[in-house]
Structures are given as C-alpha cells and as structure tokens.
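Lettered A, B and C in written order, each chain numbered from 1.
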Amino acid sequence: MFMFVIRRLLVSIMVVLASVTLVFFILNVLPGNPAEMMLGPNATPETLQNLNESLGLNKSLLVQYFDYMRGFLKGDLGESFITKKPVIDQLLAQLPATLSLAGASIAIAVILGMVLGVLSAVYQNKAIDYVVRMISLFSISMPTFWLGILLILIFSVHLQWLPAIGNGSLRQLILPACCLGIASAGSLSRLVRNSVLEVLNEQFVVTLRAKGLPEKLVLCKHVLRNALIPTVTMIGIVAGELLSGAVVTETVFSRQGIGRVVVEAIMQKDIPLVQAAILIAAIFYIIVNLLVDISYTYIDPRIRSKH
Amino acid sequence: MKPLLEVKELSVDFYKHGNAINVIDKVNLRINSGEIVCMIGESGSGKTITSLSIMRLIDFNSGKITHGDIELSGVSLVTLTKQEISVLRGKKIAMIFQEPMSALDPVFTIGDQIVEVLIRHTNLTKPAAREQAITLLQRVGIPEPEVRMKQYPYELSGGMRQRAMIAIALACEPELLIADEPTTALDVTIQAQILNLLKEIRDEFNMSILFITHDLGIAAEIADRIVVMYAGKVIEQAAVHELFEQPFHPYTSGLLQSVVTMDSDRTEKLFTINGSIPSLSELPTGCRFHPRCAYATDRCRSEEPELVSQSGREAACWNIEKLLHEPQQQVEPKRIIAADRAIAASFEHEQKQRLPLLEVRAIKKYFSIEQGLFKQNKKLIHAVDDVSFQIGKGETFGLVGESGCGKSTLGRVLLQLEQATSGQVLFEGKDVLRAPAGEWKSSRRDIQFVFQDPYGSINPRWKVGDIIGEPLWVHESLKGQAKRQKVVEVMELVGLNPAAYDRLPHEFSGGQRQRISIARAIALKPKFIVADEAVSALDVSVQSQIVNLMQELQGQLDLSYLFIAHGLNIVRHISDRIGVMYLGKLVEIATTDELFAHPAHHYTKALLAAIPLPDPTRRKTFLPLQGEMPSPANPPTGCRFHTRCTAATDLCKKIEPALQRIGPGHLAACHYPA
Amino acid sequence: MLSASLIIVFIVACAIFPEWIAPYSPLDMNVNHILQPPSAAYLLGTDQFGRDVFTLLVYGSRQSLLTGIGSVLIGGLAGALCGLLAGYHGRWLDTFFMRLIDVVMSIPGILLALAISVALGSGPLTIILAISVAVIPGYARVMRGQVIAVKSRQFIDAARAIGTPNREIMLRHILPNCLSPMLVMMTTGIGFSILISSALSFLGLGEISEIPDWGYLLSQGRSYMTIAWWIATFPGLAITCLVVSVNLIGDELRNRLDPRNS
C-alpha cells in the first residue's frame, strides 16, 4: 500500500511537470505578445522593448522555459505580469472560496446522484424511474451558466429567498453549489442506475435471495457496495470536471475564486498566473485521483491485494 | 409416504418486452425426504428455471407462475407472500450454483456471507454465528477454517469456493438442497470430491437433494431417481436403475446412447441425435421432440403426449411400446475409421522409419509476474515446464489434464500465440518457432486450430463466408468469386448449407458455429490441427456430431490432430495416443488402449478413477484423489504430484522422476510406476 | 425519441436554410423595438439592439451545430486513433499515450480550450480546434478500453494463429467491434461540445462572427436578466433542447447497439 502511494506520487510529479510545460508552450509558442497586449495598440517600440525586457520575454523561448522551471522547482512561481505580485499569494487567497464551492457541490452531486440513481434502478421502468431519468437527462443537457441564471432569476429575483452573488456566508454558497452540483448529479445518477442494474443481474444476487435475505439488505449492503466500484471512478471524473464548472459558476454568481482569476489571466495573457493556476488544478486532479484509487482498495478487496 | 416436495403441473411464463414466453409447461416433480433426484437435460430444457421457480426466485426476473402448485411438506409455496417465502429460503430450501466464483459476493469475506444467513434465520448472536460458521467450513472440508473466514472469494480455488457455497447452504440444515450443475465448472478430481461431500451430507442430515446436471455419468453416480426434461417439459422420470436399463422415451434413449463410455468401441462412430433442441419461441407442434425423433408418427406431429404412469415410472411418448419392442433404429451407418486404428498400434515401430509430423522438444513457457516499487520482484509461473513429445502423420494425440496444468498454454505455443521461453517445435523437421522471416507464414498455413468457445472464436461482425475464407484471403490472397467457390466447397464438407455464406454468426447455434470454426481450420487443407477443448462447450448430442465430423475429416484430408481436453471419455474415443499433464509437466504418454488399461502414473490412475461412469450398478466406493493442484508459481520439489500421491516416498519429495520408457510406446514420469 | 428527432431536424433545417425560417434578418436592428417582450411580431422578444431573438437563434444554430459536430469529428477521430494505437500496440506506446492523456486531463477542459483559443486568436475555426483538443482524452480512453477488451477475445487469437497481418487485425477485426461505443460517445459528445463552446462564449471569448452564436447571446442577455428575462432564457432553452435531443438519440443508439438487446 505504502509502495503504491509512493509510486503514484512519483508519477504524479511527472504529470504536474508535464502539464505546466504543456501550458507554457501553448501560451508562448502561439502568436500574440503579452507585452503588446498589456500596453495596447498605442505603445511606442521603446516602451514595448522595455516591458519585454523586464518580463524576460526577449529571451529565447527555451531560455524562458528553463528560467521558469528553475524558479518553479525552487518553489518560486513568479510574479503576475499585471499586478507584479507573487502569483502564489494571489491564488492562495482565492483558494478557500473555490474549495468550499467545489466541496459543497461534490457533496450535493454525490448525495443527489446516488439517491436518484438507486431509486431509478430499483423502480426500473416504473413512474419514478421515468421521472428521474428525465431530470437527469435535462440536468446533463443544460449549460451550467444557464442553470445558474435561471436559479438567480427564480430564487433571488422573484422569490428573493437567497442572495444571487458574492461570497462569504453559507447562504451565498447555496445557489452556486446547487448550480454546479446538479449537472454532476445528473451524470452520476445515470451511472449509478446502470451499475446497480448491472449488479442486480449478477449471479451472486440470486444466491443472496436464495439465502432468504430481505430485499432491503440485498440492496443496501451487497448491491450498493458492488455498484460503488464504478461509481467511485465516476466521482473522480466528476470532481476533475468540477474545476471547469467552477470557472463558469464563479463568473455567473460573481464569486471570488481561482476560476475567475484564471479566466481573466488567460484573456490578458498573464502567463505566470495561468501557469500557477494550472498547477493548482493539476494537483487537485491528482489528489482526487489518488483518493479515488485509495478508496477502491477499501471497497474492492480484489484491488487491495494487487497493491 | 407424502413426498417432501411436490411440484404439480407447474407452468411458468417469462415476460420480455411485454410478450409472455412459456418456459416450462406442466412440470411434475416429487422428491421424498432423504432422496437425491437428478434432473437431466440439455441447455435450454428448463432445468434451471424449474429449480428457480421452486425457490420463487423467478419473481425477480419477470417470471410468473401461471399454473400449478409447489408444495413443501404440504405447504403451498405459490401462494406465499414475498416475505413469507423469503423466510423459507435458505432455511428450508437452500441452493448452490454452477459458478462458485460469480455466485459469491466478491466484496465480502466468506465468513460474512455464512454469518449473514445464520443471523437471518436463527437466534444466534454474532460471535456464536461465527463459531458455527467455522464448524460448517470444517464440515465441508475446508482446511484452516479460521483463516478462510477472513478471506474473500477470489482468494479461494474453485473447489474451495464451491465448498464454501455448500457451507452457506447447509447453515440452517435445510430439508431440501437444490444443486444446479454444482460441479460443471470444476475439474474431474474436484468434482468427485464434491459429489462425495454431497452424498455424505445427505446421509448425515437426511436432506433431500434436487441435483441438476447435463452429465449422465454424474446422474448415474449420485441419483436415486432421474427426471428428464426436454424443451420445457418433463418427458420421463424413473428410478435410476430402471432408467439406465430401459429408457421409455426416445430422447432419453438417444441421450444414453450419446454417452461415450470408457469401454465403448472406439472403431464405431458416436451415436448422435439429429438436430438440436428447439428454441422456446419456435416450439414444434405436437410432441416437442418429434422433429428429432426416429420413431415419430403423424400423431406425434399433431398431438402432444401427456406424462403417463406405467409400472411406477412416467414417460410422455406415444410410442413407448414401439421403443420397447422394436430393435433400435440407428439411422446412420456406424462403422468408420477402423482401418486407421491399426496405424496407432504400430506407431512405435513406424516412428523409427520416418520423421514425425510434429516434434515438441523440451518446450518451456514461463510467465513472469512483476511486483514491488520498481518491478524488482519477479515471480515465475511455470506454465509449461520441459515438455517433449511427437505426433505422427495422420495421428490424433490427446492431451489431458486439469485446468491450470498447462495444456492450453502448450497449444498456444504451438500456434505461436505465445513465445516459448525455450525449446523447439519441429514441424516436418523445421523449427517453426525460429523460422526465418520469409517462412513463418507457411508454418501457420499447415498448422490450424479449433478453439473451445463457439461464440468467442469467430468475429461476430463478419459474414460466415468471410470467416471461413479468412485463411484463404491471408495466405492465397483469394477474394470475391474465387474465395466464394473454395469456401462453399469447405462448407459442404463440414455439413453447412452454402446458403449461409452471407449470414452473420449470431444466427447460428453453438454446434453450427463450431462447424464454422472447423471449416475455417480446414480451408487451406492443413496437415495439422490443434483442437483446444473443441467440443467441451457443447451439449452432449451436439458434441457427438462434432466429434464424428472431425474424425470423418481426418480420414478425408489426412489430418493429424492435437486434441486438448479435460473430458477423458471423448479424448479416449478420438485419440490414438494420449499424453497426461500435471502442473506443467508431461507425466505419462501411452497409446489410448494401453493408458486406459494400464495407467502407470498415480495421477493418471486417479484421473481415470474420478470420471463418473454412466452406469448406476458400478458406483464408486472410494475417493480417488484428495487435495488440489498446487500453484504453478510455486511448484513442489521433486515429483510435482507427491503432495497428493498416496504412493509418495521421500525419494519423490527430493528427486524429480524423468519421463522414461516403461513399455512399448508407454512413457511415465514416476519413481514407482504401477 | 420522435420529438428528439423532430427537434434535431428542425435545428438542422435552421442551420442550413436560416433565411427561409427566420422572419427577419439577424442584422436588422430596430432601435424602436429594443428589449420587447415576446409578442406576435417578435415571437421570443427582442434584444438590447432591437434584433429579433428568434431570428438570432435561427441564424446562430449553424455555428452551434458546426462547433458541436466539427469538434467531435476532429477530437473523436483523433482520440479514437490514439486509443486504437495505444490499446492495440500496448507496451511503451500505451504508457506514453496514457501519460499524455493524464497530462491533458489534469488541466480543466474549459481552461485548456480557453487558453488554446486565446493563443490562436478567436474565430469559429479556433473554437472548434480548441474544443477538439480538450475532448481528445475522453475518446482516447474509451477507445483504448474497448480495444483492450476486444483484443482479449478469442477471435483475435484466431486471426493471429491464421497469420493475418497486424494491420488487418487492427482494421478488420478490432476496429469494427469498437465502433458502436464510439458512435454512442460521439453522438452524446456533440451535445457536450456544444455546451463547452457556449461556456467559452459566455466566459467572454467575444463575438466570434458577425452573427452571434447561442452562448454569446445568452451571455449578453445576462446583463438584462432582471428587466428582459427572455434574452437569456430562450438561447439557453435552445441549447438545452438540442443537447437533450442529441443525448436521447445517443441513449437510443446505445440500446440498439447493445449486443444484449439483439
């Protein structure tokens, strides 16, 4: 187990380095100079030259890359081109807001998705199943930001139950977390439904019933535990996609957060800031996947023995 | 005496897409207390559905009892509510299944799964239930029960899993145990152990057993009474001795004749029942068996016979009298291949005169499993360990052994699907494993194959003609009309209708698909065919058809076969010589008659003794072999069989016996050959 | 299922012949009729420039559909190819592709697409390309899993034993047996790509062509949310209807192609 974690960590570090590299080259190789962008069309060649020099943009790309990576390995992620502050401080300040949004929406997605999925599978082809499937279908087909706008229109503008924007209080978290969670709940419930149905077709379910176990026990203890194996994989994927969703949701609800910062940074070609944000996203993705893998070993003894 | 279980005119429908399909029709069945009743029939006959209906487990699969009654000790099970029946399940009636791996929940320990049923049906506390579970595991012959309690199903061997299933079933000492093909997935020596265990349990608890099987040998071995099912109906039932002595139904008679016994005449063609079991959605009118029946009359075609009692037994046939008094009607001519048999007998003599067709020299195949942070711990699985033998032209060499012995791996090495770790395979004197780049194709051309799984071994998206023509396309670049012409020729040779050329495989039954595989194998007129369990997945009556076909083709095309199988009776019928493998080693080679008459290795002896004989008058009274095959990752020192051998001495533990000549054409690897 | 097909037919018709369906021109700005609520004249109301929302939706459908289908074709095919090679070849190529996919997947899809389209400069083609790159890993993973599953089936051994060349095994045996799940995934993928592209427009990638696409319309409408709910609501509804229909058709395909149902 310990060895497994160590090996995963080594691989993870490689992945992080590679992601940062990939983004570095996407942002730099392609046309468009950040200095030009920052100064606007009226800049004189001299000011452009100066800015390029101060940002280190006049050096060759490879030198820039190695300079950046040297700093990166020392833990120095550089300063924002725009604000001239260390990017790491800027992002860490935003981290709690994004994490609380992500956490809350994962919780909503998992609870809602599992409950709906199990209901739908147990009452297969009955009314409940059709309703749940319809809800799930719509929730995965709606643009997140449109759902956000509708939620604001209904709950803030018309009913005036909840605040539409801002962050800090728990009440302000409810709408964005629902908005982000519902879409993931839809895809989760579809998956849970399928895997529960699949497990219900397994031979061992016949054995359990032949043992005379009450159907509730068969479902809640045995079927659910087995159906959890694919579900956990999905939770990992959903959590990975959550950051994409957070970017949009934070914009809709005008919340602070890494998502909004990074969107602005991309638009302004504030490369160090984008790099650092991607780094955080990659670390998040890796932690989530590690958690998923570790939780497998608790759910499925067959995997436990492999490690 | 009132029977323990009485099933009266039970009919069950299944619903699919809103349509009802009748799956069993007016089934009658009685089981007395302490009786073992075997229900036999081919796949699709409704055996399993009947057993699931008794447990009312069909409720969960959109099945519905539409007619009849099931009484257990006088209580009707049909009218019970879901809660009431679930209290009886596991307590009064228990069930074990074919595949003990999929029948156990993979994510809970064996212990949990036994304790669970005890808690449900008894007043035991959890610690008491654990104690009881350990006792149960011990009773069903699981060593170190305390350790096994904490293990998961995947950590146990197939035999141990089935024992654990039996422990679960026994937990509440039910009155009736339903066993649905419980030994089909197991090796023959393990099968013998499980059958023995079931008999012991019946005696100890005076339990009744409904034993479902397709194997008449097992039925003869274990049953008191036999019920024969065909296409959803019971067509005959009788006491085991009566049934084997004189079947009343032509189908039963056909089944009994299809059985390949250990002393049948190998020069005869196998008996076959024409055609195959009809699908439930396209049942014939009248008697459901009439399209395959040699005795069928107009009455059989129009009127369905009821099950009628006659001198204490029952049969559903209009022509019982005819069957009893007329000589048997065998449609096909029986004699074949007699001439070829002589060749085998003089093999050793012949061998000195010419090169064998195929020579396997010291083949080793090790698989490595890597472990640890940097894959530093390499463990070797000795799948095939130093195996040598020869196969002559026109010969059939049978290779037998239990699963995991390496026989299939060896076959895959010969087909170059696996790279041998070391050793040589000479085909007509040329090493095919290290053939120069230009020649590798030609050896593949001459060595073809037939695999076990008739469903998996052909591409489901290809047309039958393209499947059969694939070798022609690869090796002779044949396309279009030229290919079609050759393929049609081959299809006729294997008994397929050439009109099937443009159809897809899913329209064909298992037996027909195996014909497709055979047609593909002979398309290039090869010299040698590796048949890896080629008939194991087929029903008894279809099995015989395929074996006959393979023998006919051998005569016509001058083929040599390597026939890999675990079913010894079929191997005996088809092979000229047989090699026996155990744990990666070839332990004995002999001509077929010699091997069966004088097995020299103790493993061979045990293997032969473990086969259930389809003759209830010759039941076994001893257990042929204890224990299970050790892991090939960690084979025992010395003779690999010493851990299970009754004749083993210290010498066997230390020094590995070499495969040496002990008689004409007879080799054995044993220090103390019998 | 029927209604899903009808919706798709209608939207495809809009994309091909917008001028036949839309009552106005998308460029008509009627300053006297800005922010009109839905009425008989303006079925879905007008926007802040006095353009007919229905007309804008009809004209915008082309961009949305093109983005969806284009990125699935490019991303799906590229992903399928990577997955096929990785799954069939195995060994180092597999490791290489899987690590690469890990790397791409560790970057949130929208950010990746956003970064690519900013770097390339915005435009309809850029968006398609950017989304394609972001969806490649998903397709590659599914394809690889499928290939590995098919590879272990016995008819592949059969083909190898016959001596069928590797290239033919890959193209004629493995590929046809992997197509159905890919087809299903690509169908629902169209919906997914449309959602991403609308999110990109929403995040302010800017107007990418003269005729605004649905996502851009929606983001514009957001500013007038409290006084003119229709501007933001109807484009969202249009996207949802399209994606629901595409998903329904994907589900139906999955059921029909499932070997267990035939």
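Note that a contact is a pair of C-beta atoms (placed from the backbone, for glycine too) under 8 Å apart; a residue touches a chain by one contact, two chains touch by 3 or more.
These figures come from a predicted structure and were not determined experimentally.
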Chain pair, B-C or A-C, that carries the greater number of C-beta contacts: A-C
Closest chain to global C-alpha mean, per-chain Cα centroids: B
Separation of mean Cα positions, chain C and chain B [Å, integer]: 50
Computed distance of Cα centres, chain C from chain A, in Å: 20
Residue numbers on chain A that touch chain C, as the complex places them: 11, 14-16, 18-19, 22-23, 26-27, 29-32, 137-138, 140-146, 149-150, 152-153, 157, 240-241, 243-244, 247-248, 251-252, 262-263, 266-267, 269, 274, 277-278, 281-282, 285-286
In the complex with chain A, residue positions of chain C that touch it: 99-100, 102-112, 114-116, 118-121, 191, 195, 198-199, 202-204, 215, 218-219, 222, 225-226, 229, 232-233, 235-236, 239-240, 243-244, 246-248
Of chain A, residues touching chain B in the complex: 3, 6-7, 202-204, 206-215, 222, 225-226, 299-302, 305
Touching residues (chain side chain C, partner chain B) in the complex: 153-155, 157-165, 168, 173, 176-177, 259, 262
Footprint of chain A on chain B - complex, ascending: 52, 55, 57, 60, 82-83, 86-91, 94-95, 97, 99, 102-109, 116-117, 120-121, 152, 154-155, 165, 168, 372-373
